[in-house]
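Look for chain A in each of the two complexes below; its partner is chain B in the first and chain C in the second.
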Partner chain A sequence: MSVTDNPQSSGARSAFSGFSLKREAERYALVLAWLALFCVFGAMLPETFLKWRTISSMLGSQAVLVVLALAILVPLTSGDFDLSAASALVFGAMFVAVSDVNWGWGVGWSVVVVLVIGALIGAVNAFFVLYFRIHSLIVTLGLGTFLNGMTLWISDSRTVAGVSMDLVEVVVIQRLFGVPLAFYYGLAVALIMWWALEYTIAGRKLLFVGRGREVARLNGISVDRVRAMSFVSSGVLSVLAGVLYAGMTGSADPTSGLSLLLPAFAAAFLGATAIYPGRFNPIGTLVGVYFLITGITGLTMLGADAFVQSLFYGGALIVAVSLSQLVRKRQPQNFG
Partner chain B sequence: MNVAPLTSPVSQHEADVLRMADVRMKFGPVEVLKGVSIHLKRAEILGLLGQNGSGKSTLIKVLAGFNSPEPGSKVTLWGETLPLPLDPARIRGMGVSFVHQHLALIPSLSVADNMLVADDARPRPFGIRWRQERAAMRKLFEEFGLQIEPSDTVEQLSPVERAYVAILRALAELRRSEAGRSGEGILVLDEPTPFLSAEDVDKLFTLLRQIKKTGASVIIVTHDIDEVLAITDRVAIMRDGRVGAVMTTAETSRQKVLDTIVGRAIAPYERAPRTASEDVVARIEGLSGGRLAGFDASLHRSEVVGVTGLIGSGFAEVPYLLFGAMAGQGRLSLGDQTPVEIKRHSPDRAIRAGLGLIPGDRMHQSCIGGLTVEENATFLGLGRMRGRLGLRRTALTESTADLIRTYDVRPARTEVNLSTLSGGNQQKVIMGKWLAEAPKLLLLDEPTQGVDYGARQQIFAALDQAVGQGTTILCASTDYEQLAQMCDRVFVFHRGQAVACLSGAALTREGIARACFHDPGVANTNPLKEAAQ
Partner chain C sequence: MMTTQKLTLTAAALMAAPALLPSSAVADAMSDALAVIEAHREIPTFEAQGAPFDAKACMADKSVFSIPVSMAIPFNVELQKAMKRAAADVGFTYTTWENQGASDTWIQGVNQAIAQGYDLVDVAGGLNPEMLGPQLREASEAGLKVTTSHLYDESQEQADFVDGSAKVDFRGAGELLAAWAFVETEGKPNVLIIGSDDVLPTGPFVEQIQKSLSEYCPDCKQEYLNVPVNEWATRIQSGTQSALLSDPGLNYILPIYDSMTQFVTPALRIAGATDVGMASFNGTPFVLDMVREGTVQMNIGESLGWAGYAAVDAQMRTLCGLEVPETLGIPLLVFDAENVETAGVPADFDSGYGDTHLAGFRKLWGLED
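Entry: the complex of A and B
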């Protein structure tokens, strides 16, 4: 790199820092792709796809995926993977169902207790990752499988139905502007997280820890504390997604939620190509989720077989990661 | 001074093993090589010298096939003009080998593993015959009088031995190539010396001279003028993407080379005379850790103290220990605060106590290239830029723009990634970040490593200004010239202990060098008396 020999560089600053078409195009490419996808399906299926019922159900039903994707976003930003997130979600949903229906705790207490359990799950992940210096992939994979076992144990491997209607009421039945409240919960979490990442010191610390642990440490950040907090946040948000999951159907089954892990990662990586390209960011993730869901919904309505869903999610994850690498100019990702 | 003629007579042309003619290279709109022509003769050592950003590494990358130059550029190897961009495998096959600064050795594997890693020239139908391979390696090492055991792991070797292994691996590769069979070949060394002590550099040069005797040619890329004068036959000096001059080393002088590198006269920064303050700002007692075994000193307000020595003598640990960035023992008292036990120290506490550390390894320790200038520059001061709704964007941008103006960072943009700036400008941003905190004691490790001459003087000026405002500086460095230029006192270390403390008239580049190499004439200035003052 050479020093630009430009004596008027301070005067030319406004010209430099102005609007750059290429950068703006990069930021909104995913949004445009989403709109394009929407238009394509709209044109092919004007009778079914373009109905408000379809759109509002797409918006409402995916709050669980939104919150889960946002949950894994926190450790991704600080440089760790949380593969136990979907298992925590399923365990959370099941715990709410079992404690409410079988143990008669009342749904309020169930939710409070399950959020504490979520924090505990994060703390356990953090303890093994940070104390024993094990890679987060291994620890969270192990704990996730352990949680799957716990889920089967407390539920006797059966679907538990009959969760209090109070929960179902505030999650899907009540609507605002015709969209179930669940959508707004996901939106609220995304907005809060956006604010926290962009406008708080904690957000900056998280970013520094993710990009350069040694740099962060020498700038006075307690790296282990930040990483631990990111696992705890991820645990709490995962079980929160679980609570929404139980509220969606009024029941909990011990396995189906596990398949949300991959779409969540796909959405997070897709999100890293948009809005703030090269960075995991909540608004981009939100767009990523709805991009994926629009695709899946459209394909399903076109009569595609069930396997197309896996093709779409799996393909999207790899394309998303490749795109985000391109945006980062192919610097290697340093998760570690 | 013998400036090479642009068009050489034909006879000389044929004797050249490598000619690069009119090489032009652009990164986007920026032209980094503006028609560079160099040639290399058989059995010669050519130095490629220049400031950061002068284009020397870009030129080497063209030769290695990493960069693709503009059409019209020409590379001729042993009389054969090659298609561009060069094919890395073909270049290697023809007998050009590269040793990069970081040597590209895997520390946890054995020397033999590392030597064989790129050796795929011969088919090995029965797998690798380790005993034979090791015997061949031993023979190669012995040829150059080296005692390196191929079955040792690389991490067991000293730094200079690692450099030997990397260089001999490249030489072995040359010998397997087409050119190597007739004893020729081109060895390209990209800044091989920054991690070596002066003593080791001499050893390395002995090896290079031996290699030259076998008929091979060497290109050595470096910053260091003295090294170039010591080892090369000719030196090509690059400036602003052009070859400024090609000189025959024996007929030139240090001053001539320096003038050509700089191009314009940059007056070395001369600091304003200071009156030493009597207030003790920091008292260091029994500091040890790493290779450092016990260091005591008192640092005064507005004083610049250097610590130096040969690599491995323990001086480099001083800033990191004081900042709590590595494990150690001892005690640090700052002013009238309660003394800090180094054992329980941490960077977090150090910052709160008014310390600052600018580490030597910029990319891994002091900044994050993938984040913007603004994010890097404001990190320590975020607490001052909060409003009711969290961080204030305008405050962040303004304080960064301020820093850019104050320290003349170029380009003057807050939103670009820090990695797009040159080393000197990155260092200015980091320097500005820490100086904004007005630290009581600022710890530096090689503050101007990889920083060009002009930016270096600006950094000195900034530090001097901070000192004027009451900051005390402790600087670890092996750049004796820089230490002599900026310090009031310099402690010289040997085997973990301070063996001399130079100040006043004794504090010169030469004086420090003598003390480092243990010249008895210097060592008997009583270190204990001065160290304890």
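Entry: the complex of A and C
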């Protein structure tokens, strides 16, 4: 099984082949839906929802999910799944907390070391997937479970609080235009990734490998090297999300971050319906995350029960992807 | 928000000059709330809840098999350690079924208890016996007694196939949290309560907070946010932020289980609501550390050593055919900036509560005079 896009739905190349209203509507449908959602809640809750404080809170609170979704997006683009991403996030957060609080390394060294560990996690995934030719789903599921065990081991199954306020300061307390810095880190990662995919040779190679490994190989691209680098990037970005997670909460607990995996995949798939429809892309993912949190925030402010939020989350994903497919005349997406 | 020092001053002022307060109703409510808090500040002394009995003789050939909800949760590890210590003190066989929270391993545990001829199977630390209904009924039919430890509130009825339960005073904790929020906000609470309806005792716990707050202050605002346990990481932060943004007057947050506090803290920071106070229940060490650092204002602790001995007391009474008392008298202790260092630096699960329960239970069980 591989994650490949239908070449006919290509965005980047065909973007230059003339203006098409239908294609532009497809590209920006999610953005328009997001704006519509914002306007609806703004009209219903003018006193609270339209405040800058609300907007900055929504922007500042989703950085961890944005970075995690961007992490899994890299191997998704090259046709691989990384199910160990959330486990790497939790391990990264816990490693920073334990090494800073219990081992006294200081938060700077903790972050540097954990980013190296993230690269190693990606390298291990790549080694087993590429050398033994095992499907990425199996390897990353296995390594993720292994990392969960490591997290419980180094933390003694406990939540570790008291992470250096220096980290908390640069993640969530310091602000630019009233928005916590965490938002800008997520934005920066998305913009860098967009630039790399659109304007660098390595990024274009990644896209080619995702479209068709055999064709890419016959064109002289080292497919294994590209796939290996996508796993390493995913590992580094996942633990970076973990560092942000530790900075957000000032603590790390051994399990709760695992629940971010499915929302991250939801955001990646939702993002694949926007900007470059039919292709996993960072800006679309960013829009997907903030579309979902806008809905959740509005519903919570209206006093909706917890189950309504789940209905919105799951429903929005299915409706968006289905509408996108209708516009694409139900062409198969080959996610398998 | 009121500091501990201010709280003490308020207590003194209330005693010295009640006429200075705006109305006697508010003064009464304030003195009631302060009395509730003060009653939980003292290091507890042991009070026997049932009749003394000869545990050694009764338990001589008995064995207990305990299935915790998950041994990956430190709370369960510590509770099991205490139960093991109590069993060793009396001298009977006590086995903990090591598992990581998967339902198939719980089922396997009950089967093991039946197959190996244990006398009692206990589900501990939040594991709802209804989830193992068919297996526990089978155990019951095979002649094993069935107990629960640290699950039900004292006001809740146990499942019909359960023979005895070591219940917890969740309502008492609710009353204490409400009193704390009322006093800390100087009688003007506007409270967000965060709970998880999928956890069995949440119902009476939240109900008591709401009832007590309404009694102290019928016109004050309170809101309840329900977040299922497996969504804590994704929903508590956004839910708290939304509540803070839609009601800027919100001045206190009561996440009823203290591991929730780690997700409330970033919401307060992002929403710029750092003057909003927070109090919780459970006495988990990392949250006690947060009390010491000033991120959380108060945490209600319960000694897990004490709870473990009380749970074994209930198991032994069930096996010995004695009545299990409805309340096991596990005390609730207020930890705030004033006394949190007594819980250890860094905090642990069992410090700060004294050890009168050890001699108390030994005497109750006829192990010493």
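In this section, the second predicted complex is superposed on the first by the 289 of 336 C-alpha atoms of A that agree within 3 Å, B and C clash if a C-alpha of one lies under 4 Å from a C-alpha of the other, contacts with A are read in each partner's own complex, and residues count from 1 in each chain.
Methods note: a contact is a pair of C-beta atoms (placed from the backbone, for glycine too) under 8 Å apart; a residue touches a chain by one contact, two chains touch by 3 or more.
Small disclaimer: the values here were computed from a predicted structure and weren't measured.
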### Query
According to the contact criterion defined above, which of chain B and chain C contacts more residues of chain A?
C
### Task
Mind working out whether A:220 is in touch with chain B, chain C, both or neither, as first, second, both or neither?
first
### Task
Give one of first, second, both or neither to describe whether A:212 is in contact with chain B, with chain C, with both, or with none.
first
### Query
Thinking of the overlay built on chain A, is A:309 touched by chain B (first), by chain C (second), by both, or by neither?
second
### Query
After lining up the shared chain so the two structures overlap, which partner does A:242 touch, if you call chain B first and chain C second: first, second, both or neither?
neither
### Query
Regarding the shared-chain residue A:199, is it in contact with chain B (first), chain C (second), both, or neither?
first
### Message
Between chain B and chain C, whom does A:157 touch in the aligned arrangement: first, second, both, or neither?
### Response
second
### Query
Can A:75 be said to touch chain B (first), chain C (second), both, or neither?
neither
### Task
Jot down the residues of chain A that show up as touching in both complexes, chain B in one and chain C in the other.
none
### Message
Going by the contact rule set out above, which residues of chain A touch chain B in the complex?
### Response
1-6, 9-10, 12-13, 16-17, 195, 198-201, 204, 207-208, 211-212, 214-215, 217-222, 278, 328, 331
## Note on the structure
Per the touch rule above, chain A residues touching chain C in the complex are 45, 48-49, 51, 53-54, 56-58, 60-61, 152, 156-162, 168, 172-173, 180, 248-251, 253-257, 259-260, 263, 293, 296-297, 300-301, 305-306, 309
### Task
Could you please specify the touching residues of chain C with respect to chain A in the complex?
71-74, 77, 226-228, 230-235, 237-239, 241-247, 259, 262-263, 265-267, 269-272, 284-287, 289-290, 293, 295, 346
### chain B - residues contacting chain A, complex
30, 32, 52-55, 240-241, 323, 325, 346-348, 350-352, 357, 359, 364-368, 370-371, 375, 379-380, 382-383, 386, 389-391, 404-405, 410-415, 420-425, 452, 454-455
